[in-house]
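You will see subunit A twice below: alongside subunit B first, and alongside subunit C after that.
Here is the complex of A and B:
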């Protein structure tokens, strides 16, 4: 196991303190079970999600840069963000501070006035929960640690938008078979595959759930989500595995909305990949927060001998 | 110049003749090939520069109209009037009136970045869509979209406390857009949750109301960002020739 991944800085973000709390709980539980340590960033702030950039992208860069500078101050060169939005924004800030003079200038000015060190790009690398587990532990080791195999569970792995797009902010991706792919991501497939799950060939891995307008344009979001859920069912999946709180709650909310408003019911379950992995490692459904999800998967999990 | 495609073949531009014979051929009736002649004289020559001056619109001049953006577009698959390539074309030519036909849907871009991923010219069409929606609002062509109301409430809370508290953003958003909070699907979700774990949820809700999430030591950052936001707003209005302290 690479030493620098055993203990990383942890940036949960706002969603993981609210609607995505189950993701927070299961990520921490899985880390603990695998012997990995997470140290939460001290006094972190919101990354700006998908909203602040529409007011001004440079404020968003500053918000993320402040978090990166906290990680650096705490002595870390890696920060792990399980939320796609946070992960994306920290990556984007890193890119903009390296490549855009205007962003650099505004960041220096705001950091100065706010009274903290100006973050310089290159000091801290942002990784996703998928990178963290795949690179710190790996499939071989995971296979050995599985106590309660996910055998017989068909999973559609859903990555969403912000994990792979736009390509230029992820310089480490698309670098050959061992690296992550931006067109056909596979890290979640690899991890859950090692835990025994049967990954279905899912064409909508990086489709959009309309999360940015989940509430402001619900009709569009419902159509997009329904498309994803129905495609997953058509591929034979029992579960859509997620790795982003915005996607996850978007899928859950609009699964219900499609049923109530359009009369189109889908039965596919929606679970965070950390919940599935945690249960495979022998943790209970409660420990990984299945009861906190908006959709109810408890009966299904029981039937499959999990939780 | 690209062909002005289907937009000309609109019902109001079709010509119908009750009785028309050309070179001995009867062409009476409804023919999509007879389109009213027209000439455009009211090009808005400032439009491209104005949109390029807003955040996200900077690279619009790079577009060479390949259509990769529209081809990749998530919203286009749901509503084919949503056509980023076409809008970029209109903006670059300055065909404001034509663009305004679609003014009420441009804000619907979901920022999935498929266009930016596909674009061979680094136009960053996602940014251009945001800049265009912003331009429409600043110019008074459209009211603030639900998305803008959400963005502003979200940003206001981050600037204030450094963090977001979801229930507050959501309730304020519903109030701001005049939507009822009681929608059957939302209720069904909440009832399901509370039924499963009443004590847990009521406690969590109570706690988040009493202890609003906030970042410690945020004061100075708040002032710095507020000052900057003000500066940006001024600059945007100036770029659009709207003068200083206009109505927001």
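Here is the complex of A and C:
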């Protein structure tokens, strides 16, 4: 296990304290079970993704840079963000500070005003929860640690549309089979496959679910989610595995809405990959927060001998 | 709008029929090509809505990918459907390469789901340009109309 991944800084982001609580809980539980340590950033701030970026994206870059600077001050060179949005924003800040003089200037000015060190790009690498588990532990070791195999569970791995987009902010991806692919991501497939799951070939793994629309045009989001869930079922999946609180919440909410508004019911279960992995490692369904999900998969999991 | 080109609603209806059809399609190779043509029709509608002439250029041998590249120029959030377009090409190619007819039929059905996704995404984007932009669930997921502008992000599309 690479030493620098055993203990990493943790940026949960505000979604994991609210809608994505079960993801926070299961991520921490899995880390503990695997002997990995997460140290939460002290006094981290929300990146202000929606509101601030609309007003001035450079301020949003500063807000993410502040979090990176906290990680550096705490002595870390890696920060793990399990939410696609947070991950994207930290990566984007890193890129902008390296390539955009205006962002650099605003960051220096606001950091000075706030009285903390100005973050210099290159000091801290942002990783996703998928990178963390895949690279810190790896499939071989995971296979050895599995107590309750996910054998017999067919999984459609759903990465959402932002995990690998835009390509240029992820210089470490597309570097051969061991690295993550921006066109066909596979880290979640690899991890759950090592835990015994049967991954189905799922053509909509990076398709947009209409997340940005869910406030203003719910019908579009509902139809997009319904199509994703129906495609997962057509591929034979019992479960759609997720790795982002926004994607997860969108799927759960619009699965229910599709039944209510469009009269189209899908039975596929929706679980965070950390919940599935946690149960495979022997943790209970309760420990990984299955009861907190809107999509009720308890009976299904029981039937499969999990939890 | 070109007369012989299906509208987005017609594409949705046609893919629905392919997905729900209880009989195998008679000519899977033609169905594979139709998937590609429907994908192109959807992208043409998007490009024309932006006052541009749809390109005939191909990328990696496919006009669909050329159209996608054109559609994403100046609107990076359109890249949210990049892989969906590539999946359409992939399904069409597998249908043509496959000799097992059950597998061909399966790929027609799955390919139709991918085309339906593209049609729903682009149809949604024609109503609300912000689709495909950054989104986050940190705020309550359902709010009143007062928050409509959260999707109108022109500052930094991804």
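The rule we apply is simple: the second predicted complex is superposed on the first by the 305 of 307 C-alpha atoms of A that agree within 3 Å, B and C clash if a C-alpha of one lies under 4 Å from a C-alpha of the other, contacts with A are read in each partner's own complex, and residues count from 1 in each chain.
By our rule, a contact is a pair of C-beta atoms (placed from the backbone, for glycine too) under 8 Å apart; a residue touches a chain by one contact, two chains touch by 3 or more.
On a predicted model such as this, the values are computed, not experimentally measured, just so you know.
Look at subunit A after the overlay: subunit B and subunit C clash there.
Once chain A of one complex is fitted onto chain A of the other, the partner contacts of A:207 extend to both subunit B and subunit C. Legend: residue contacts after superposition of the two complexes on their common chain; A:110 is shown touching subunit B, with no touch to subunit C.
Of the two partner chains placed around the shared chain by superposition, subunit B and subunit C are both touched by A:57.
When both complexes are overlaid on chain A, the residue A:245 reaches subunit C alone and has no touch with subunit B. When the shared chain is aligned, subunit B and subunit C each come close enough to touch A:220. By the document's definition of touching, neither partner reaches A:149: not subunit B, not subunit C. By the touch criterion defined above, A:85 lies against subunit C but remains apart from subunit B after alignment on the C-alpha atoms of chain A. Judged by the touch definition given at the top, the superposed model places A:43 against subunit B, while subunit C stays out of reach.
Once chain A of one complex is fitted onto chain A of the other, the partner contacts of A:66 are limited to subunit B, with no touch recorded for subunit C.
Among 78-86, 96-104 or 222-230, the region of subunit B with C-alpha atoms clashing against subunit C is 78-86.
On subunit A, the patch touched by subunit B and the patch touched by subunit C overlap at residues 14-15, 18-19, 46, 49-51, 53-57, 161-162, 165-166, 207-208, 210-213, 215-217, 220, 223-224, 253.
Chain contact summary for the complex, subunit A toward subunit C: residues 13-15, 18-20, 46, 49-51, 53-57, 60, 83, 85, 88, 92, 161-162, 165-166, 183-184, 203-208, 210-218, 220, 223-224, 227-228, 230-231, 234-235, 245-246, 249-250, 253. Contact residues of subunit A toward subunit B in the complex are 14-15, 17-19, 43-46, 48-59, 62-63, 66, 106, 109-110, 113-115, 161-162, 164-167, 182, 207-208, 210-213, 215-217, 220-221, 223-224, 252-253, 256-257, 259-261, 291, 294, 296. Touching subunit A in their complex are the following residues of subunit B: 55-56, 74-75, 78-79, 108, 110-114, 116-117, 124, 127, 130, 134, 145-152, 154-155, 158, 162-167, 170, 173-174, 177, 184-186, 188-189, 192-193, 196-197, 200, 208, 213, 215-218, 220-221, 223-225, 227-229, 232.
Considering their complex, residues 19, 76, 79-84, 86-87, 90-91, 109-111, 113-114, 116-117, 120-121, 123-124, 127-128, 130-139, 141-143, 145, 147-156, 158 of subunit C touch subunit A.
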